[in-house]
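Shared chain: chain A. Partners: chain B in the first complex, chain C in the second.
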Partner chain A sequence: MAIPPGINESDFTAALAEFENAVGKDWVFTRDEDTRLYRDAFSPVQNEPEEILVSAAVAPDNVEEVQAVVRTANRYGVPIYPISTGRNLGYGGSAPNLSGSVVLDLKRMNRVIEVDDKRHFAIVEPGVSYFDLYRYIQDRNLKVLIDCPDPGWGSVVGNSLDHGVGYTWGLYRDHFIAHSGMEVVLPNGEIMRTGMGALPGAESWGDYRYGFGPHVDGLFSQGGFGVVTKMGFHLMPEPEAYLKGIVTVPARQDIVDLTAMVNQLEHQGIIGMPNYNTPLAPHLATPEVSAMLSQPFAQAAQELERWAQGNELGYYSVELQFYGPRETVQSNWRYAQRLIGDIPGATFETLHELEWPIAADEAEGLHKVALGIPNLEIFRLGTRQSADTLGWDGEMWFAPIIPKNGEAVLEAQEVFTEAFREAGMPSFTHPASTPQTWMYRAFVFLMGFPVSKVDVAANQRQREMFTHLANLGAEHGWGEYRTPPIFQDLVMSHYSFNDHVLRRFSETLKDAVDPNGIISAGRGGIWPRHLRDRSA
Partner chain B sequence: MKHLMTALTIVGLLLSMSSGAQVPEDGQTSRELGILLEAPESRAELIARGEAVYEYWCNACHGPEMLKPGTAALAIKYQGALPAALTERTDMVPEFVEQMVRQGISMMPFFRPTEVSNADLGALTAFLTDNSGD
Partner chain C sequence: MMDRRTVLKLGAAASAATLLPGFAVGAPGAGSGVRIERFVFDERFAEAIAKGRDAGETGIPISGVDGDLTRLWYDDLSLRWQRKPMALAGLTAEDALFVLGTLAPAYRMRVVEETEWGIARTIGPTPVSELPLYSWVIAPADRV
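For the complex of A and B:
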């Protein structure tokens, strides 16, 4: 049996016995065959000494059991790592930052407490997946839309706490901003409620997120200050209609005007999430174009643009999604065409028009999450691509935040593509790369680094490049919004304004709130005092 | 059937729906599938439970539609030699199903006993191998 660091075997045995008393023998896992199920399934250090393994897992059913487990852990100094459903694939999965931690698996706490389709909110426990919440709403014919990330199996609570994101309208797709109030078990075992939940008898937990006084909810996202056991979320009312149109523009520099115009639409609430892409995507791997792209950036960009224009393919596209009354979505689409029509050569096409309720066959083949329908179809992108290769076994996401304008996109294209060329690696970016737009007010210049279950050397190369790009990005003012545990110290080190005062402030709070450092040590780059040297 | 219901930990469905809009307490809950801790007595119940587990945990990737990533991947792997949809397979043995669920393969991650309990894995295995050798 593995023992957590900093604790002797007899204390750990005693703690495990108390865990069993708290949650029942069926829900304490110490055998290797069970604890290995809390590894990061997409670990970039799989089967290497750095791989993070857990000593045990405990799965409470309710908040009282969570309190009992936390109190025991606090008394014995057992490091625990709460997970909701333990997905978070590509950003660490279910694995803690500190090897030997005991995972506090909250999957069994899967109650939907309440969904209100007149005031438009939900209150759920951490084990509730997007699939669960969707089914709950469908079964009761409630008129609200959920905003979900691509994989629907993740936790509504967990995704929010990881600053996860989705695909519909404005702030609904920033899942932490969309939350309203939480219940937290603190490191000493006390239960705290935030927002209106702190006011006994208040009926507005799901409505008003701040309550009164300092808004402390952020400490529980990407942080180790407590175990979140319930959260409220604002939901979008089910709209009448959905319209998706696509705009194509011909020149590389058009991204500057295009993003400004799309921002103008989005920040007024006229469109939901815009999806930037390039019509060149299907052609990038052809011998002709890939030869073009192997040249130094400036030349590659120039030739690619000429080639795109010669073939009349367009250089960038953006899908615009309209939600609302049927008259309004049509009118807003016409306004978007009038606005963006100022870009010479811009073309417009209406792709889909739907009205709620949307039948399953109507949504087939569409991007279902934009319609609030959870699914797992995204994994087609990574699974076996041909009969003789396995493709990726997983990925780690490199996800730097850049400003929401075309100038930043052009700069990021060049900086990252040149970095790959200088490293002699196949580039994940090119002179027509476009950003992800999940965040309402920022772009993410996302790259998926492949990880292998068997090829240690390949994983090492990918990690080196990931580290290089993270450092390079930071030099340009671009920082990751979320990252696998092995990179969290590095990424936090980039947020260094005024001698790392942000990290030091969080450490001060950590020492006060969790003096024994038991909860999620190292998460978000914040280590408890007794482990701080390891990250220095 | 009584035994099956007591073996399930579907407490939510049995609780009164009393929440209202108060500061939420555990009242109105949704735990439709629940977690099975003991195998049902009859084979029919076992297979019915296995089908429910399949629908809940597997179908989103392994349903018959080719948009489903598991099915799409297996179509490429088997090239027609075996059906791509798991429910159409007749060759699977329990050890194979157990290994896939608990170890995963390629992009498919493993599933934990807090998701698919050992009893539920037994039911799933019974469902997926029910037609083997027919």
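For the complex of A and C:
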């Protein structure tokens, strides 16, 4: 049995016995075949000394049991790492930042407390997955839409606590922004509620997120300040209609006007999530185009654009999604065409028109999450072409935030593509790369770095490149919004304004709130005092 | 993907008492020693369909999947697993195995056997591709 760092065997044995008293023998896991289930399936350090392993796992069923476990951990100084469903693939899976931690697995706490389809909110426990919440809503015929990430198996709470994202309207698809109030077990075992939950008798927990006083909720996202045991979320009312149209523009520079116009639509609430892409995608791997792309960036960009125009393919596309009353979605689409029609050569096509309730077969072949339908299609071979063709075993996401404009997209294309070329590695980006738009007010220039279960040398190369790009991005003012544990210290080091005051302030809070440093040590690059030098 | 070529047997799977009823030795699930309550086959491959048919003839309920596990999971397995864990075997591409293997631990089940069965070609309309198929067993943790 592995022992957590900084604790002796007899104390750990005593703590485990107390965990068993609190949650029952069946729900404390110490055997290898159980603890290995908490390894990160997509770990970029698999089978290397740096791989993060856990010593044990404890799965409480309710908040009282969580309190008992936390009190015991605090008494013995046992590092614990709360997870909700623990499927944070690409960003660390179930694995903690500190090897040897005990995972506090909250999957059994899977009760939907309330869904209100008149005020449009839900209150849920951490083990509630998107599938669970969807089923609860469907079974009761409630008229609300959930906003879910591509994999529907994740936790509504866990995803939001890592600043996870979905695919509908801006304020709903940023899942932490969409939250309203939490219940948290603090490192000393006390229960705290935030927002209106802090006011005994208030019935507005799911309505108003701030309550009164400092808004401390952010400390519990990407942080090690407590164990979240309930959260409220705003939900979108089920709209009447959905329309998806696609716009194509012919020139590389068109991204500047296109993003400005799409922002104009989105920030007024006219569209949901816009999806940028390039019609060149299916051609990029052809010998002709890949030869073009192997040249220095400026030349590659010029030739690619000429080739795209010669073949009348268009250079960028953006899908616009409209939700709302039948009449409104139609006229909003007309307005979008009028606005974007100012770009010479822009073309428009209506792709899909649907009305709620949407039957399962109507959604077939569509991006279901944009319609609020959770699914697992993303894992089907062929869905992520790049991953499949390269034979990856998984990926780690590189997810830098860049400004939400075309100038930043053009710059990021060049900076990252050149970096790959200089490193002599196949590039994940090119002169027509487009950003992800999950964030309401920023772009993410996402790349999936392949990880292997067996090829240690390949993983090392990918990690080096990831680190290089993160450093390079930071020089341009781009920082990751979320990252796997082994990169969290690095990424936090980039958020360095005024001699790292953000990190130092967080450490001061950490020392005050969690003096024994038991909760999620190292999460978000914030280590407890006794481990700080170690991580420096 | 060298690791996939090695048979993975965890715990004491092979020592458990009940064998898959009616399965020929070498058939998926046959060596795991647990009573299989469902056979999952990948309907993109003729070989997997044939194994599914064999399993069906023994009276085991069968489910065809095409790599997207949503319907099988949401309409069927998630409801059953919530009531009680169950053992299932399959012959599928890696995607189905990965998804079910990731979902299983929340219901106190895990992959207890995983073997690369061989390379197979997808059937039906384009694109045709060759992929490794895996023969696997997922079983309740307390039965291994």
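In the analysis below, the second predicted complex is superposed on the first by the 526 of 536 C-alpha atoms of A that agree within 3 Å, B and C clash if a C-alpha of one lies under 4 Å from a C-alpha of the other, contacts with A are read in each partner's own complex, and residues count from 1 in each chain.
Here is the rule we use: contacts are C-beta pairs under 8 Å (C-beta built on N, C-alpha and C of every residue); 3 or more make two chains touch, one makes a residue touch a chain.
All of these numbers come straight from a predicted model, not from anything done at the bench.
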Mind checking the superposed model to see whether chain B and chain C fit together on chain A or clash?
-> clash
Is the number of chain A residues in contact higher for chain B or for chain C?
-> B
Which holds for A:380: it touches chain B only (first), chain C only (second), both, or neither?
-> both
Name the contact category of A:53: first (chain B only), second (chain C only), both, or neither.
-> neither
In the superposed arrangement, does A:62 touch chain B (first), chain C (second), both or neither?
-> first
What is the contact status of A:202 with respect to chain B (first) and chain C (second): first, second, both, or neither?
-> first
Touching A:454 in the superposition: chain B (first), chain C (second), both, neither?
-> second
Regarding the shared-chain residue A:112, is it in contact with chain B (first), chain C (second), both, or neither?
-> first
Contacts of A:41 with chain B and chain C, given as first, second, both or neither | both
Common interface residues of chain A - those touching chain B in one complex and chain C in the other | 33-34, 37, 41, 85, 107, 131, 135, 152-153, 375-377, 379-380, 382, 391, 393
Quick one: which bits of chain C touch chain A in the complex? Just the residue numbers, please.
-> 1-3, 10-11, 66-70, 73-74, 78, 93-95, 98-99, 102-103, 105-106, 110, 131, 141, 144
Chain A residues within the chain C interface of the complex = 33-34, 37, 41, 85, 87, 107, 131, 135, 152-153, 374-377, 379-382, 391, 393, 453-454
Contacting residues of chain B [partner chain A, same complex] | 9, 12, 19, 21-32, 35, 37, 60-61, 65, 67-70, 72-73, 76-77, 79, 102, 104, 106-115
Which residues of chain A touch chain B in the complex?
-> 26-27, 29, 33-34, 37-38, 41-42, 57, 59, 61-62, 85-86, 89, 93, 105, 107-108, 110-114, 116, 123, 128, 131-132, 135-136, 152-153, 193, 196-197, 199-203, 205, 230, 364-365, 375-380, 382-387, 390-394
